[in-house]
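Okay, so chain A shows up in both of these, paired with chain B first and chain C after.
On to the complex of A and B.
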């Protein structure tokens, strides 16, 4: 088979790739160099004007980016700890193992937006069941009205929703581990803690890195929880990058500027996640 | 002569008789208009039944059910039965109505023949909408002048009037008019308990009636329910609170901007005073009230949780329905005023009572310029707003159809659907007084409206959350408005804003 025939077989995949990945990225870059908005729907050319505005005159974008970083790192860290612990628990021979495995997966099976609406009702300060219960103890936390607690509420919802995913990956990793290192550790009389620290954890490092990176990518796009739970409020206390881009693009219809933010955000995420993956590899797989 | 008189009398009797017969016939067939039957007119049930749109398909993008979405779907079903047309209705959340129409508009497509949105979309939608044909405009003899102006740009009507909106005060009559409560309030505060005349009185009363069980239902009640959630219409609530402090009848030429210089007025002391009041209001709204959107506000006041509220008609009409726990216990009044108003020419406060109704934007609907079914579309809209449908719709709170016809300001319209006579009279007097006012504020309808309102919502939300002081927040908004003006072009904004200013200055 000559080169041309091979190319023909690659063509369908290439066309799809160009259609759904390459073209949107190129179009976004082109759009980011235009002033397209609601009153001027033109793909005109304004040079790097939007980029100058973003880097010199839009602190709100950078605030939302750092807020996002905090939320993403915190939620993924908690999901990893809890997910690993739960997976470790049902990895062993315990009663109702199968029941727990299914139970821990339920949050992931539910629709995020619907669950967030339910959480919003749960956290509702005057009508919600949580404060109704807490009022017995004389406390009425402002779950969604206080800037600090609103962030914690988002973290709670995200951790509840996505720990299942981490649990699933970690359990799959644990089930695939070889038995020999554990037998050797048992023969050496290693305690459960030492067995975990010196056998399980190092063996799980590659899958841990993969799971953390996958979740970080997902968490960095956090939008639905913020949109439904707090709308970025109170004030701008829970506004994340994706929510801010959504407001500028689809609420204010500043398409050109929203494209600038999206592209910049994409570049920042590619660089940061590459660095994070390298650091994690270095730290977790040093042995 | 006698024969002629006899014939004309007989003809009149026959005509009236035949209309009555139609009324019975259509009322029987369509229970929605059972109370009135058909009402003669260009787009009555009788007239629509004479049209044949078989084989034609009309597509509509409207709001989610129930507000505006439910009447759209109901009248679509009726229209189908009468004309044979097929009507496809898509329901969209309020926040996405603009973009769902705008994206195809900008791409040169018309997936929807009819698009529902809000009246302040007009500036940016008008280039994509078909003007309402003159024959339809001519039959709108009962639509109020202010709502004709809101639906039009200059002399051309682009939005078909189906709804009329304004913000006004809603209060609990069983508290404010209660002699025992009045005596208690007087004893405790030294002031009279009455319908608040100013925002300061509103705040004092709301704070007093906050956090205790004043209606004896075993649950604490609160002072006020307001739309405070960012990006959920909160900017409209802020304009309502600002009008009395900032709309000075002696300084025409702009409420949002100085029309001459296009300098934003949003951070002048009038607006700052209003925002200071609003920040104080956080202490007398129900727990979580800082996150109340419109739906929460309606449910909170309508559910009997608060003494006051102010926004659109929906909450009031819902509170007056038979299933409401506070039916006939609510009153309506114009938005509170202020004892001073900022004068931007003298840079000082003018002392004296000032009140300024806010004709906030409301539901609006237009026909896509690229639609191939414009004839069917305009007939549908005309049918939607015909006399019988309108009278039935305005009595159902969840429909979101509010008064915009002169006839709506008659108390009988409301007593006929079971309202208490005093409540009905107070309600129509409030609406009529707003129509008559010469110191009105109309919504911002300029290129970039969404950007201006979004910047305001962000700034005021920061103040409510304690992130910035009122002055800092509004200075930030003013700076953002300057930046938007620079991007959009101050002259472009001025040209559009001049129309709104002319309405406010009673020149249109």
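On to the complex of A and C.
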């Protein structure tokens, strides 16, 4: 085939993407070396001052980063377990199969911020239905204003929202599995548990890895839910990296420092996701 | 044993269904309340527990001057931005995906897989990292607070999805289709547009659905990059979420804005059951 044609196909997309992205990325790096803030909005050069500040004098950033890691890993773990379980349950032999499938897909179609606004009324301490229900047991938890429960509220909302995406990926995977291994297992008289452990799960391993990584990537950006549900509060109990950068950059207008944090955060994200992908592949593909 | 399993299965599925439906039922119920029935504590059943009113719904259709929340403008903005950005992403993404699936590229150590990875890896980019430079970038171009600016940003968000789904799709479209067309005397472009493209409609629909979902549900960029001129739906609704929230109109607005995409759930399920989605999502 002709040499030139392939570039006509490839380049428009590539150029548009790079064209829109290249400026922001270079600019972020440059900005991170400047002291741009609301008093001094210009691109001066302060060297690595911002980086020194970040690594030696900003525990809040690192706390928010560990909080984010905790939230991302917990929610994705729960989503994977629940999503896989649900997908397996509605895979075959269930009444109203299509009804349940549609229902389980719905949360990912809804706008996270908008549903979070609803969840916020749901968790309301005196007027919400959750505490109304719990009052039967005589407890009135302060869902959004105590540090521990605020984290749990975010986990609940995130799991509600995104389990359906995991469910979709896992169900699509299950439906694409070859039939032969299952026939073989049935002939051998394997119990459902054994069938799952020795046939379904190993066959799903590559799909699981893909799905977990996709979800981790998306979960590492948790921001909308935090913004609406708790605004990082109480105090900084639910502040994630993105939210902290957002506050520094676009609320306090410390653009230079925010760019430093952004760039560091991006690098950490890329490195840790690569490591996670490698480890997951090792662990799940062992069999 | 099988009986126990069946019981557990139905129990779990029904339990999760309740969890999924709960916020919707609560929102529906709340949307028919007024100030007194909201502040009087949690109630659920109209007529029995509270007197339903249509206030929450009627304000949605009143102009702002009469104390209404005008969500029709933002609604159309959201639709326009989502569809335009999805369309451009799919058009460009499909072409690139076709090139990546059919031709070999080599420039030093960069190969096809690296280019594909470059496209997809844009999803790793946290929105907040892009937000600050985009903010300054668009204000330099004078595109801050405009539909065009938002579309530009959304293309970056959506093209990775389109490329990801389409590369995989083209890898499963037999190469013989193009080759036959080429032998019949088409040039590569004719072969693509006349033969390959018509066979790729299912893949493009799946890619389109995902672009629409991820475009429609974005909040952050719309929130940062627009102010008053152009408002998208999520921003408008979150703005209602102030200290003394009118929960009833908030719920009604939320329901109206999530409704169109619930239709998408039905379409996705159709594709899933027919087996068209399984390949495209692996």
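Operating definition for what follows: the second predicted complex is superposed on the first by the 273 of 287 C-alpha atoms of A that agree within 3 Å, B and C clash if a C-alpha of one lies under 4 Å from a C-alpha of the other, contacts with A are read in each partner's own complex, and residues count from 1 in each chain.
Definition applied: a residue touches a chain if its C-beta (ideal position, glycine included) is under 8 Å from a C-beta of that chain, and two chains touch if they have at least 3 such contacts.
The shown structure was predicted, so the numbers you read here are calculated from the model rather than taken from an experiment.
Student: If we overlay the two complexes on their shared chain A, which of chain B and chain C does A:182 touch? Say first, second, both or neither.
Tutor: Neither: A:182 stays clear of chain B and chain C.
Student: Identify which of chain B and chain C touches the larger number of residues of chain A.
Tutor: Of chain B and chain C, more residues of chain A lie in contact with C.
Student: Is A:86 in contact with chain B, with chain C, with both, or with neither (first, second, both, neither)?
Tutor: Once the two structures are laid over each other on A, A:86 reaches chain C alone.
Student: Of the partners chain B and chain C, which touch A:201 in the superposed model: first, second, both, neither?
Tutor: A:201: touches no partner chain.
Student: After the superposition on A, what does A:126 contact: first (chain B), second (chain C), both or neither?
Tutor: Both partners, chain B and chain C.
Student: May I ask you to decide whether A:250 touches chain B, chain C, both, or neither, giving the answer as first, second, both or neither?
Tutor: Once the two structures are laid over each other on A, A:250 reaches both partners.
Student: Please write out, lowest number first, the residues of chain A touched by both chain B and chain C across the two complexes.
Tutor: In the superposed arrangement, which is not itself an observed complex, chain A uses residues 126-128, 131, 250 for both chain B and chain C.
Student: So in the complex, which bits of chain A are touching chain B?
Tutor: Listed in rising order, the residues are 35, 37-39, 41, 57, 60, 124-128, 131, 140, 142-145, 147, 230-237, 247, 250-254.
Student: Please output the residues of chain B touching chain A within their complex, sorted ascending.
Tutor: Chain B residues touching chain A: 95-96, 98-99, 102, 106, 123-124, 222, 229-232, 286-291, 300, 305, 447-448, 450-451, 454, 458, 461-468, 483, 487-488, 492.
Student: Taking the complex as given, what residues does chain A use to touch chain C?
Tutor: Where chain A meets chain C, its residues are 1-2, 5-14, 16-17, 20-21, 23-25, 27-28, 31, 82, 85-86, 89-90, 94, 98, 100-115, 117-122, 126-129, 131-132, 160, 164, 168-169, 171-173, 175-176, 191-192, 207, 210, 217-218, 220-221, 223-224, 228, 241-243, 245-246, 249-250, 255, 258-259, 262-263, 265-266, 269-270, 273.
Student: Under the definition above, what is the set of chain C residues touching chain A in their complex?
Tutor: Within the complex, chain C touches chain A at residues 1-2, 5, 9-10, 12-13, 16-17, 19-23, 26-27, 30, 38-39, 41-42, 44, 92-93, 95-96, 98-100, 102-103, 105, 115, 119, 122-137, 152-153, 155-156, 159, 163, 182, 187-189, 192, 213, 216-217, 219-220, 224, 233-234, 237-238, 240-241, 245, 247, 250-251, 254, 257-258, 261-262, 264-266, 268-269, 272-273, 275, 277-282.
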